[in-house]
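Letters A, B, C, D and E mark the chains as written, and numbering starts fresh at 1 in each.
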């Protein structure tokens, strides 16, 4: 019994001494500065943040020119922080007129970047949001006064241009314009990346361009069909006459009614510029 | 799937309990459909039988068959028991259908104490009562919560204790069905 | 938007603080004791921030267990409806010069659980007045320190007497009171302070 | 070692180790009815972090649920991802029409990141238990080592804690070029650090006496109460899913399983808090060995992602037209024990039922049975020894 | 003379050059009693906060507090001094002053060392709202911190800081020190019960249990020293540890006999428990009791409790030095210091005592960041079943040594302290006094290790036995 008591005391003293020696070695190592790889303290505000790796999932950024508003990211996002509208421009390509990413709800999971077919959506390495640490300007957007505000294209260019410069460089009038649209007390932290809606004239001009192109395509198609019919007629007289009328009947029908340029045939017009996209889940 | 409910286990159980049927799920996974009445007996038999020795309750859960595309569309709640034997290293799956009207399934916490917490969770999220459970009360949702969330016909509450659930001006396309009564 | 555009820093809002207030504010700024309030994933990042590599102790921030001795409540993690009452009680038990930092998307706006979950509170500013919102899920410890640096701007202007600058301030520049105008509980209502001790 | 509540008047004090309590790992509330220092009864109260992840599983599509598995157990998010993805793959492959196969390199990377994440998860578990018992320094050294793993994962998939890296059919990205020797350097340096950590805590008699023969769980009790993982092995049951029901390439690695054998010597007993703690430490050493073994098995990277040998991701999106109907139950060994997914699919894009059984849930189940007659200070050490993570309980 | 103690009377007589009037007396009292507390104890206790966090940071491989420099207080000083100038001008002058080369480097060093941190903590606590919870008992709650501070400061009046700097030279100095430090027990209990919350009540109960049960080993340890030195007057004890010649270290009590060495260890461990330092800080255990008896305290009251804790550590350091490590005597050569004039001897002796106290201070902090916390029953077991038996065995050993030593020889006078009889163990006696107990102890330890010494192979593997 005495021996057990002595053994406990001796073992306690030994383990405490070995513990103290270990912490003592930590103390000396740290004071001498070689504290091992894992312990170099990164003094963040003084030294810049060490963001390792190039696959960093920081804040989302969308390159509106390449975006075709296919809503792939919208469907795949579990949190639904995208709000986008699309318009068709002159050569029938869809153009992101409004593309807002609500960064306060985003969970930075990267599913949308994987789902984006045209790689217009990407994640930056920036996590700092305070411009004092030079968070990248193009990423950092002011909040919109309302969530569903409508910016026309020229306004959006001006917004992108003004928001890119530091606030002091703006003239008073620019700053007033910017503050009028982007209110500091906006509802959500939103990254605004759309190219802006068409103004009515631009819309008319884009439609006209599309019409002209369609007409040109129809004319070309009609001409090609006529040529094909002529070639078929040349080949037809050799075989027996019976199949001719059948063959003749089919090609004749489409060629007969000259495609009325005015009335766009119902089937050809592409999906209108409705904002709808593929069904949401 | 052989280890899941191979024929040896099934035949042993069927020999003892004729009311039990061996069924196969849509992708061929076999399980034993046990009537509510003799669940406890089957459980005791599986646990104490020398050749079976199912001494571990891997998982006890449930799922609502309301919208499941099964041939006779039923609105029962299927309570699933996944058993495992550390001695023989084989598994078996039991299922009990609890009708929506009076969902009551006898408790198996007598056989496996682990069932205490599992059954409380199934009661909380599905509303299946387990008579005989020493302290059947809600485990996940607050005590004054109305409704059982994991049922297919569950309506999300609009607010809780007077504080709105959604943020103002927040709207989701295809958001969950709302309108449940709020405590 | 550089430092001088922070609310309270703008030219029209320059405020002359008495020398003593300024000195007290300097003290508060350099020793913000934060309340250990780690609920979910952001709690792990809060522990990492307290760890050797990012070391918030370097900025004078020590974790305190009781709300009485804490100046700053960092709500790190998801707050469910069942937990929300506790957040409110803890905030009330904190002694007066107190600030709240909402860390992570869950605390900002319900984050991943804002759409499909029935039990998660969409944003803690429905229960407590939040000073700083830090986006991220979970935000890096450096983002947390970035948020604390922004909070220091406000702590600098704390005046012992007079109206406190209560507008919530998003670390990302201009303040965005998330769901600002939803039914804000009136924080001044004096809830009977149950004698219960530090832990709610 | 339990002491019966002895006050003659039997008057008890109910203590509220509330949801906000520095010791509990997150928001777990325990109502302790204590008689002075001795705990008479203790009833845990859960649900403070119930984020309805299983309901979300029924609303979002299959691949969209992976970020939520990160948040089921954020301390070992890779293992959580892996558990769900293996279950989903098994359910998809139960329909003979889907013939995709996970590339070999993808399988190796999965095991590598799972074991690395097991190391960092056990570091938090072991460190938090030491901190609860009062030793603050080892906890911070554990956190420092965790930063090493965070750096590797940050370079690998971009996030430090919620990775969303393992996908159905493989992994999202291939290893970055300097990954292999960085992992080797980390493992070597980490092994030296663990020796110091153990000198500081494990062999310390104060720590050992605090945990010896406290909350002892016998083998039969552990199995009956459904304990899994290190809690089960601590009680002497020699069972590990990686060895007994191998998935992925664990079959080829030959996992050795540490089992609790009264490590505290004279004062301890099999299945006490100290045994569970030491089993976790031995599992860390085992994980280091496994990581090095996998680094040898790794085939060279191929150009295409779904190359069966060198690829890393079988592109499931295109090969699977409609998910099959049916159900599946798959168990994988997460650091906190068996993480079992029971999936029911009704053929639509979203799963019909997602059930995730986690180790902490049954560990919390045994609290009120185990914490009778121990000291108030021990309640904290016992919670630490069971290594519970609250979102795993509340899901 | 008029009973204020030698130092005050001598100083007053020297000042007044004859019969001291009341002015000389007050100045003397201020100089002898108030100055050592203000100069030596208070700043060290305040710096203790910073030392604690810096050492913790060093051990945990991180950078301690390094963001608060002395620029805040400096700016405040400029504001106050240049109150007549407009604010902008004051700022410009302050900025210019800061850009001076030495000032800038000084500020940077103070920032890196975190000297500004404890100023910032103190200032913040001033500005903090300190509330009294509704369930609390007002008077008891408010009084507790001041009593704790009093209990920590009072025993300093018997500690000799130097030949001519002793506040109270009474025959019962050692007993006085132990008795007065009992006030802390009352203060902690008042804090625990007064806060009205369950957590602090539990913390208070634990604190009382621990402090009371550790008074016994401290008392026995001091008893052992008193048995050896024959007197309870601390100054006489210090005088008795005087050893002419270069190695005056050999005169110290701790070197006299292994039993006195164990008594020193017991005194240190019991002292740790006395001031609630780890591994005995279960009363304010972070993880279990939220923070024990000072859960409800905030603001300056909590600051006072922290100050009381650090002062208590200094007190234990001072008593340990006085009883075992030769008080204010320097380890190498003591005669030349005693011979110096008063105004030179007092600061040197004070500094030597200061160094000893600060080393004990640092060791206590080193222990805090290494060892885990005891449980309630382990604390009690350690006190009653380990420390008290070791004290009894040591006192028995001392008595046997004294008997073996036979008579006593008159010791040398040490400055003002008259010579006192000492046990005459010439060098052979000392050798035997050390050799015999150590030999017995060693073989006991070897037998115990053989009987109980097995360690589980897995643990060896963990600590790098064979990887």
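Assume a contact is a pair of C-beta atoms (placed from the backbone, for glycine too) under 8 Å apart; a residue touches a chain by one contact, two chains touch by 3 or more.
Since we're looking at a predicted model, the values are computed, not measured.
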#### Entry: Graph distance between subunit B and subunit E, where chains that touch are linked
2
### Query
What chains, if any, are shared contacts of subunit D and subunit E?
A, C
### Message
Per the definition at the top, count C-beta pairs in contact and tell me whether C-E or B-C has more.
### Response
C-E
#### Entry: subunit B-subunit D separation of Cα centroids, rounded to whole Å
24
### Message
Centroid from C-alpha atoms only, then distance subunit A to subunit E, rounded to Å. What do you get?
### Response
65
### Task
Could you grab the centroid distance between subunit C and subunit D? Build each centroid from C-alpha atoms only and quote it in angstrom.
31
### Task
Please work out the Cα centroid separation of subunit A and subunit D, and write it as a whole number of Å.
36
### Summary
Touching at least 2 other chains, the residues of subunit A are 4, 8, 16, 19, 22-23, 26, 36, 38-39, 41, 43, 78, 80, 107-109, 187, 281
### Task
Indicate the residues of subunit D shared as contacts by at least two other chains.
16, 21-22, 47, 50, 52, 55-56, 59-60, 67-68, 70, 137, 140-141, 144, 147, 162, 199-200, 203-204, 206, 266
#### Entry: Numbers and ranges of subunit C residues touching at least 2 other chains
51-53, 55, 58-59, 65, 82, 109-110, 112, 114-116, 118-119, 137, 140, 178-180, 196, 199
### subunit C residues within the subunit D interface of the complex
36-41, 43-45, 47-48, 50-53, 63, 65, 77-78, 80, 82-83, 86, 90, 112-113, 116-120, 137-138, 140, 196, 199-200
### Query
Quick one: in the complex, what on subunit B touches subunit D?
4, 25-29, 55-59, 61, 63-64, 67-69, 80, 82, 86, 89, 91, 93, 112-114, 116-117, 121, 125, 138-142, 149-150, 176
### Task
Spell out the part of subunit D that touches subunit E in their complex, as residue ranges.
13, 15-16, 21-23, 36-37, 130-137, 140-141, 144, 191, 194-195, 198-204, 206-207, 209-210, 258, 261-263, 265-266, 278, 281-282, 285, 375-380
### Query
What does subunit A use to touch subunit D in their complex?
4, 8, 11-12, 15-16, 18-19, 22-23, 25-26, 36-39, 52-57, 76-78, 107-111, 114, 123, 281
### Summary
Per the touch rule above, subunit D residues touching subunit B in the complex are 46-47, 50, 52, 54-55, 58-59, 91, 94-95, 220, 223-226, 237, 239, 244, 324-329, 331, 338, 340, 342, 344, 346-347, 352-353, 355, 357, 361-362, 364-365, 369, 394-395
